[in-house]
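In the two complexes below, chain A is the common chain; its partner is chain B in one and chain C in the other.
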Partner chain A sequence: MHYSRAHIWFVGPAVLLMFIILIFPILLAGGISFTNYNLGNSSFEWIGLENYEKMFSRKTYIKMIWATATYVLIVVPFSVVIGLCAAMLLNSLRFGADIYKTIFFLPVMATLLAMAIAWEFTLHPTMGLVNSFLANGCGGIREFILGFHWLPWVNSNESWYHIACENNNDFPFWLKDRGYAIWTVCFIGVWQAFGFNMVLYLAGLTSIPRELYHAAEMDGAKSTWEQFKLVTWPMLGPTTLFVITITTIRSFQVFDTIEVLTKGGPSKSTYVMMYAIFEKGIQQNLTAIAAAITVVFIIFVILLTFFQRYVIEKRVHY
Partner chain B sequence: MGTIKLQNINKSFGKTEVLNDLNLEIEDGEFLTLVGPSGCGKSTLLRIIAGLEQQTSGDVFIDDKNVNKTRASERDLAMVFQSYALYPHLTVRRNLETPLRLRDYSSLERFPILGNLFPNKKNKTKKIHDLVQKTSETLKITELLDRKPGQLSGGQRQRAALGRAMVREPVAFLMDEPLSNLDAALRVHMRSELSELHANLKTTFIYVTHDQAEALTMSTRMAVMIDGKLLQLDTPQQVYDNPLSLAVAQFVGSPKINTIKGSTNSDGTIKFLNLELQRKTSITNTDIIIGIRPEHLEISKDHSNNSIEGVVSYRENLGSDMFFHIEIGGDNKKLIARGAPQLTSSISIGSKVFVTRLKGEALLFDQNGSRIKFTSDN
Partner chain C sequence: MKNNQYIGEGWKHAILIIGALVVLLPFYMVVSISLKSQQEIQSISGGLIGAQEVQTFPVCTKMGMSEKTCTMKPYVYNYWFAFKKAPIARYLLNGLFVTVSIFLIQILIALPCAYALSKLRFYGREFIFSMVLFCLLIPVHAIALPLYVMLAKVGLVDTYAALIIPWTISVFGIFLMRQFFMTVPDELIDAARMDGMGEYSIVWKVMLPTAIPALLAFAIFSVVAHWNDYFWPRIVITGNRDLFTPPLGIREFRGGVDSDEFGPMMASIVTITVPLVVAFIIAQKRFIEGITMTGMK
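Up next is the complex of A and B:
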């Protein structure tokens, strides 16, 4: 019996490449994470799980996980929901949709680095656009709206806006304040990510057959909300799954905004994983600990992918 | 009750006029077919009745009530779509339940979990369940109830879509080419089932199709529409035997009616080719068009009086019938004649034949395509 070996030649190159550029580096990182190797050292020792122990006990790394989790848990839901809303709004526009599409998609197309620098200027504590806008609004309509004076239970003399105005324009230091920095970075993350989600949702919306809406209307779904529940949302299931997965992975990978705007600070409040890997591995030459963070990072992403693949996919496809 | 009245309906999309001053009265319990070639505006008309499309001008009355301003969901009509439009993420049972749930439950009762606290909900749920059960038994889809539309065949989906329309007992059923996605055998079978269903439900059916066979077999009355105009509204037999215009005559009937150019002389005698009709018409000295259906022509190999000579260019064998395409030369070019296969099996392509017509079966039309009557004394 003669067996053809042609199949080896067909899959061989791909398998080989995958091993060289994908699997081997991951295994290498996994191996290094169990040593005390630093870049430039001529030798290393096996130290077992010490790097991982550090990660889950030292304050810096706890803060890292906290910052990453906050970023992911804020950016993913907000950018998905805002992306969906924007897509549905644009879908209902008769004209002008293309202009808005371009505007919303601009942050995705532009270099995040350049955008981050623009944000840095905008959010500068004293010269920035945001704080001068707030300072100029003291006592005016801006204070009324942004200070929530229109809510019946807010005392207009005790609103945050009013107090800041009283104290010589003491508005938040956005990126320089420990209490604000991570939320500001999240805001920029949402601003940057929702345009991409919007485009994916726009594609998803156009693939919903119009007859389904007509059927829903004939069946008595009167309000837009009922039609959304009955047709739009379920039909967008596969899109939503994809959008959530992509956004989550991209949020785990956030790096450039942090590098430009906060460098992980103040006091490690924006010290996200990717930035930690960069700081430890590249700037401080602590290769082993960076490898350990990388392994944890990969495990997160793989878990997420499996969750998507086996748990959710069964529910959204029909 | 289920009467629907359309008055002076106009519809245009931008500059394109789709419906042109259309009037139509649909009686209670009628099976009315809107039939016409594609693009004639029949689907648009149906969607105007449904309320999914707004007419440019004119009035729609359902049970003598003007519904111009009433939304589709409040007109109490049910529609079966060409693509079925079943909700792909819901089981057939949920698909059938949807119209009932949306109408019977209040918006609070439809709230997840909390909605179950309402005392009335249990009764309503039971009622909905029973109605779905009853409908699915009528349509013989009980065993499909827990499947999703993606797991059904075309015919089963068609039934499910029909079921979703039926559960609610609406004023009228609107059907937009519901059989056009089925294979030929199933389509013929579903025709009889739909007719049976109509006989049992006794509800008004408005059925849109481009297939004249469906219109002829199922409807109590058919409305022939061409280019946005309603050309004729009558029983299928009347439309076939007695078309009011050439366009209707050409659309209804398969194969198409033969048209031959002819003329009348000063006393109304009709002449065409080398023949002369026995009956006369009151219209004199003008060119006319004579229409003869293929089954009213006889074909033979032998020459006889009043026969047209031609050469067979194509034979269509349908088993029960044989249609011959015969080149007769001149302006008229081609005739189609029906023959019984047993008698005409010896006639092959290329052979010379003689066509005679059955007496009294010709239809006359003037140059604009309007029907001309024979003078009655002949």
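Up next is the complex of A and C:
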């Protein structure tokens, strides 16, 4: 260690910027959220908790919280589980794993906005490949598989697929239909995120010592499933925790797909928090209410990370 | 037994191929539409590349160009018209300028700070490090609104500065570099001091070269994130087309989805997405390392 005054010039700019760009805005958002300030107005009044009361009582914001929660609660588990399954499958392959890895990682790399538009076309009711694929499959094997006719309790004349075929190919308008839009957006979210999780899991898998599997086999864990339960899953604990946290934080921040595809609609079914902040704060100039949403958002994210650190310290020790 | 394993392998490939098809579906769609004519797009015919029949494009002639210049194959028309309609090259250069500036400033600020936090002893060091750890919790997108208010107050909305300023400080970069510098032996620095090097030259001539692998990973992480970022540019660039970054350019094309022609629109998407995807395919290992590096800390 060395004593010097150079540190002031080394640390100074970073500390200053951290304060101006990261810490001060939080305080500012907190401050604005207790006022009726609008960008452009020169004066404002303190109105206490009114913005927060609005947020938790008005229908729009209740829908916002629902949409955000739905998105996070769908995208996180699905992208984590699919990522894990893909990683395990790739890890057990004899050949070709690298090609799949590249393909599955492409959505992570490609500009999400561009890909959202690509999905919009793919899911387009008349020009999209998906609906034409479904329509061409009426009465055939596609109807059997995707209509779940192979499940014993599904009546093949009453499956969603069959009904759509009967009604002149009335397949869902994925992004324009209130009942489907949020699930479609979730699907795109999973499509985009699972490759990232897969790569993290692949790294986690390679760090598991081979001997553990031999030891598990000695102890009688012969089947793949038992070995997974006994060795793989516990050893991947820290990776899983990290993957879940980072996916959750990213899902909370979903914006691109919503802005370009649904604009929060139909009837606010996809009105997620980041989009609400954008719409209220930037487009409609309702700065104060958007600041309140920002504060709630930041609290969510920080609590989540603290929770992760807590769990890491308490439990994930092997 | 052996037979069984082959069957198992076959099943795995079957599942993975279906997965790969779903993943590639939108990519196929974009490339295909960017090559085909409007009629083929709307009737979903022509497979991947369409029939490529030479034809005269009405949208083009309406713009006052002669019939001869407007007669060509669909794929030529789509790409030609995409470039004609919007300054795509400008968008790409903007993207390059913004991402490179962000990265360079991040390094300029993070590297000395990381060095001081790991190798210098001074009053308040622990406090500053805990400040870094706290700031790691704050996603910049989440505080976009107050940042926007601040930039609007100082009149910086619709400038390059607005695109760059919020990203100049990368606490993650500081954290990463600090962890990396902790592993650099003190003897190396002491030797440099013996040779009469000042602290400034130590940072740039001794520490920087040792940190190249970490820097490279960080560069990829940073460039990919900001090249693809749509949220922040959407907020601070309100109308000035000269400042559009690639995602904003794509958004502009998307504007009139129902009236517009889809071929040129998809051609612009392909043009804007291709640089990064090609770079990724060439330097795959580095990219995956760089982007997932957040997971290795």
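In this text, the second predicted complex is superposed on the first by the 300 of 318 C-alpha atoms of A that agree within 3 Å, B and C clash if a C-alpha of one lies under 4 Å from a C-alpha of the other, contacts with A are read in each partner's own complex, and residues count from 1 in each chain.
Heads up, the rule we're going with is that contacts are C-beta pairs under 8 Å (C-beta built on N, C-alpha and C of every residue); 3 or more make two chains touch, one makes a residue touch a chain.
From a predicted model like this one, the values you see are computed outputs, not experimental measurements.
Asker: In the superposed model on chain A, is it clash or fit for chain B and chain C?
Answerer: fit
Asker: So in the superposed three-chain picture, is A:Pro13 touching just chain B, just chain C, both, or none of them (first/second/both/neither)?
Answerer: After superposition on chain A, A:Pro13 lies in contact with chain C alone.
Asker: In this superposition, which partner touches a larger number of chain A residues, chain B or chain C?
Answerer: C
Asker: Contact-wise, after the overlay, does A:Leu212 reach chain B, chain C, both or neither (first, second, both, neither)?
Answerer: first
Asker: Should A:Pro125 be classified as contacting the first partner (chain B), the second (chain C), both, or neither?
Answerer: neither
Asker: With both complexes overlaid on chain A, does A:Gly265 touch chain B (first), chain C (second), both or neither?
Answerer: neither
Asker: I want to verify one number: the closest Cα approach of chain B to chain C after the superposition, in Å.
Answerer: 9
Asker: Going by the contact definition given at the top, which residues of chain A touch chain B in one complex and chain C in the other?
Answerer: On chain A, no residue contacts both chain B in one structure and chain C in the other.
Asker: In their shared complex, at which residues does chain C touch chain A?
Answerer: 9, 12-13, 15-16, 19-20, 22-27, 29-30, 33, 41-42, 44, 109-110, 112-113, 115-117, 119-122, 125, 128, 131-132, 135, 137-150, 152, 165-166, 168-169, 171, 174, 186, 189-190, 193, 198-200, 203, 224, 227-228, 230-231, 234-235, 246-247, 250-251, 254, 257, 262, 265-266, 269, 272-273, 276-277, 280-281, 284, 287-288, 291-292, 294-296
Asker: Please output the residues of chain B touching chain A within their complex, sorted ascending.
Answerer: 47, 50-52, 71-74, 77-79, 81-83, 85-90, 98-99, 102-103, 148-150, 164
Asker: Spell out the residues on chain A that touch chain C in their complex, using ranges where they run on.
Answerer: Touch residues, chain A against chain C: 1-4, 6-7, 9-11, 13-15, 17-18, 21-26, 28-29, 32, 39, 86, 89-90, 92-94, 96, 100-115, 117-122, 126-130, 132, 191, 195-196, 199-200, 203, 239, 242-243, 246, 249, 253, 255-256, 259-260, 274, 277-278, 281-282, 287, 290-291, 294, 297-298, 301-302, 305-306.
Asker: Per the contact definition, I'd like the list of chain A residues that touch chain B in the complex.
Answerer: Result: residues 209, 211-212, 214-215, 217-222, 226, 230-231, 234-235, 237, 318 of chain A touch chain B.
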